[in-house]
């Protein structure tokens, strides 16, 4: 947490006015507020973890933050549900999110690169239209996409969930920003003069330069796909292909007569959040938001 | 300050790449468009499409049989052993609402499953959407294995569209110990119910005889039916909607009275809140169908042994009229590729002796005669191990006057209209009568808009 | 050329479905074949769906609710995100890494799960807040009544979204060259003044970006009210426009009506966004678009 490289020593307390004093104490108020914010954000997560340890009888009778006794039982029944299907769902989610995010990042990188580095007629219009894609809510697209894929016969397959998520307008926007900020034109010029093909230039020069920004796009898209529920709901009816979110949703929405599933839902949620948090923590290291910042200064 | 947003930078390779991109894009789009339009009519899908002699896989959408549940597996195994060449594949797609909407989407994409479980109230709307196969012929043999009252639930205009799986004869399930503690009498009429409500609430202001949940559409329909109202009827040609009939409005007044006097707590069912209150004995009863005990047991297992079930209170003393609430049926989608095999399976599961008895292992109340008979020797629900005559009470209810509840083609519209409006009325202390009348208007208008003839 | 794959996917998965939706918006299901069980068939009905959508009091009311919600939610999310970002950027603040990660974690929780768990936290019998209130002798807090409901819903959005927005603003802050601060400090400015006078204006573009996405997200509010609806009696089935669209599409089997309502909603969002962009563009972006 050294700040020596970036800031000079300055009076740290925000409430101090007047000439600078050479007191190098930590800004307590700022720290406190941040910790409060962190607490606010973590408490519900803590609740999920604690709630997942409660057996059905304890869930509605004990105090929220008192740990229960059913952690193992809940875990076991989650495991046993539908013959271990929960773990299959986890693998499915990993597939959809991992492959989907990877493909999406690549496509977005290509598009962003093209939009940033090449000038062609209609470029800005194209960009605007792509961005406008953000305006359309998933619910509206779901049924037409389903009918479309069904007419080519792939509805209900893994492809039906992988393909539609590849297009990601926000990702393209970010990639455009990264491409513009991180890839100097001179380098590109030089490579072209050397006779390299465009594809080679993209792969060997541009991509590596954008790489840290690409991590951001990958992360955002991974989380987005992992948490997406409506698309798999409309596309899939084979239970073994469900992602975790859809599986948990079917726990919740039964016909009258099935409400012993709250503990399973909570347990399942707790378990499914963990990979995402791990991913976040791991990728934080690579996360260079500086490039993002550059683009946003515009 | 740097300006990284590079707009006007140099691009050399403009012409070539510009054209390339344009042409590439146009060609790809054109190719896709052509391919898609060529494939738009009944496409060959991936399902097993063999004739009557090859192996058949039946895709079965159900929420009662869960994969991994040993009881469900046993049922499937039994059928598959007796019918080699048939494989049944289970799929859970959610409750009735989700199942209906997915079925409609699947039908439009020509990719339907083979057997689908939905609640009775969803059947007419699916039938008029054209997605349900008429299986009158296929299951004609099974008709005698099912009580007429029950068989009628899936017969529309003399055509059979489904095989009943389970039914929900209505009963009154209550906390016997607390009723005794508060000195409340177990009601046999709705008037007594109101009295008991008062006794309970006066004794303990935080306790209520029951909750009032505006979104339980089937309950209100059944309640009105018990009073003699019929919400939808048809004579084969046109519909009549009776939500604002006097009998129906009388039931609205009844609940209005209880809500206004704060004798029932206005709350949705089965929320964490409701569950907590049942656990702590603040909600003392639930008047619904015979599946109530298993539901309560799953959220309040500690209260087992303290509940009992009695016949539903009546409007007129001494009568024994009871409606069904809930229950589901198996239907065969119109576009199923294995319709014959599917109908056979449905008939076996719902109506045959073996099938309907096996359904009992799933903790549901079977519609087939054999299943019903088997319940009499079945042990009572886990919630009330002390009440050994539970199933006898339930069965009696069926043989006494059972009132049919007919559903119309736009149940969904009615359900959301009534639910929203009742909730608002309870919140704002407005008239329930008006709510019923408004719902009537909405339902009639919707029927007409769709093109049905409505007798007013 | 490089943009080709993106364009292809865009056309296939966005343009074509949108086109089909628009086509559907002019069609509806009408009964053919007589009798009480005549079959519903898809036919052309012109602008009838649009008329229904625009004259539907619930749809319009839903738009109103979303605006009220937006007025509460958007400034809170952005304001808090800005505050946290500024605090993170304060020299020598402790727990920076921990706080940054912790505040971002809710983003990883899916909307449906987030609503469910906040539902537990809001309902009187299972809520720790109420537990404490009861111990202190106060009555149960009604998180679902009016007007508390708007704040309760906004809270969920706040919890979920503040981390994401904070990161965007924070990274924008980190890119500001430190020479500016040095100059200001030499002139005698303290941290608060630096924050307000220098940092905030410099991150204005990031604020506009997050603001815009927040606006769009607000107008498309769906999963929070939809998930909480079964838990309370105060949320109707068409509380926000998108719930109405979902209901028409998936429950009433009225795809045409849903499509028409979506077109209306999308156009509304587009207009709103354009107006907002124009307004802010002039003030913060200068000559770039």
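Remarks
Letters A, B and C mark the chains in the order given here, with residues in each chain numbered from 1 onward.
Definition applied: a residue touches a chain if its C-beta (ideal position, glycine included) is under 8 Å from a C-beta of that chain, and two chains touch if they have at least 3 such contacts.
Keep in mind it's a predicted model, so treat the numbers as computed, not measured.
Judged by the touch criterion defined above, the protein chains are all mutually in contact, each touching every other. If each chain is reduced to the average of its C-alpha atoms, the one that sits nearest the average of all protein C-alpha atoms is C. Between chain A and chain B the centroid-to-centroid distance comes to 36 Å (mean Cα coordinates, whole Å). Put simply, the C-alpha centre of chain B and that of chain C have 33 angstrom between them. For this pair, chain A with chain C, the centres built from the Cα atoms lie 16 Å apart. Contacts with at least two other chains are made by residues 1, 3, 5, 17, 21, 36, 97, 272, 276, 280 of chain B. Residue positions of chain A with contacts to 2 or more other chains are 60, 114, 118, 143, 147-148, 198, 249, 294, 297-298. With touch defined as above, residues shared between interfaces to two or more other chains in chain C number as follows: 1-4, 7, 12, 16, 120, 125-126, 249, 288.
On the side of chain B, the complex with chain A involves touching residues 1-6, 8-14, 17-18, 21, 35-36, 39-40, 43-46, 59, 61, 63-64, 66-69, 90-98, 102, 105-106, 108-111, 113, 119, 270, 272, 275-276, 279-280, 288, 291, 294-295, 298-302, 326, 328, 364. Every residue of chain C that touches chain B in the complex is listed here, in rising order: 1-4, 7-8, 11-12, 16, 29-32, 34-41, 119-120, 123-126, 177, 230-234, 236-238, 247, 249-253, 288. Considering their complex, residues 1, 3, 5, 7, 17, 20-21, 24-25, 28-29, 32, 36, 97, 100-101, 104, 124-125, 127-130, 156-157, 214-215, 234-239, 266-268, 271-273, 276-277, 280, 409-410, 412-413, 416, 419-420, 423-424, 426-427, 450-452 of chain B touch chain C.
Contacts from chain A toward chain B in the complex involve residues 56-57, 59-61, 80-85, 114, 116-121, 143, 146-148, 150-153, 155-157, 177, 180-181, 185, 189, 192, 198, 233-234, 237-239, 249-250, 253-260, 262, 294-295, 297-298.
Partner chain C is touched in their complex by these residues of chain A: 1, 3, 6-20, 24-27, 30-31, 33-35, 37-42, 44-45, 47-48, 51, 60, 63-65, 107-108, 110-111, 113-115, 118, 124, 126, 130, 132-137, 139-141, 143-145, 147-148, 163-164, 166-167, 170, 172, 198, 202, 223, 226-227, 229, 245, 248-249, 252, 265-266, 269, 273, 276-277, 279-281, 284, 289-290, 292-294, 296-298.
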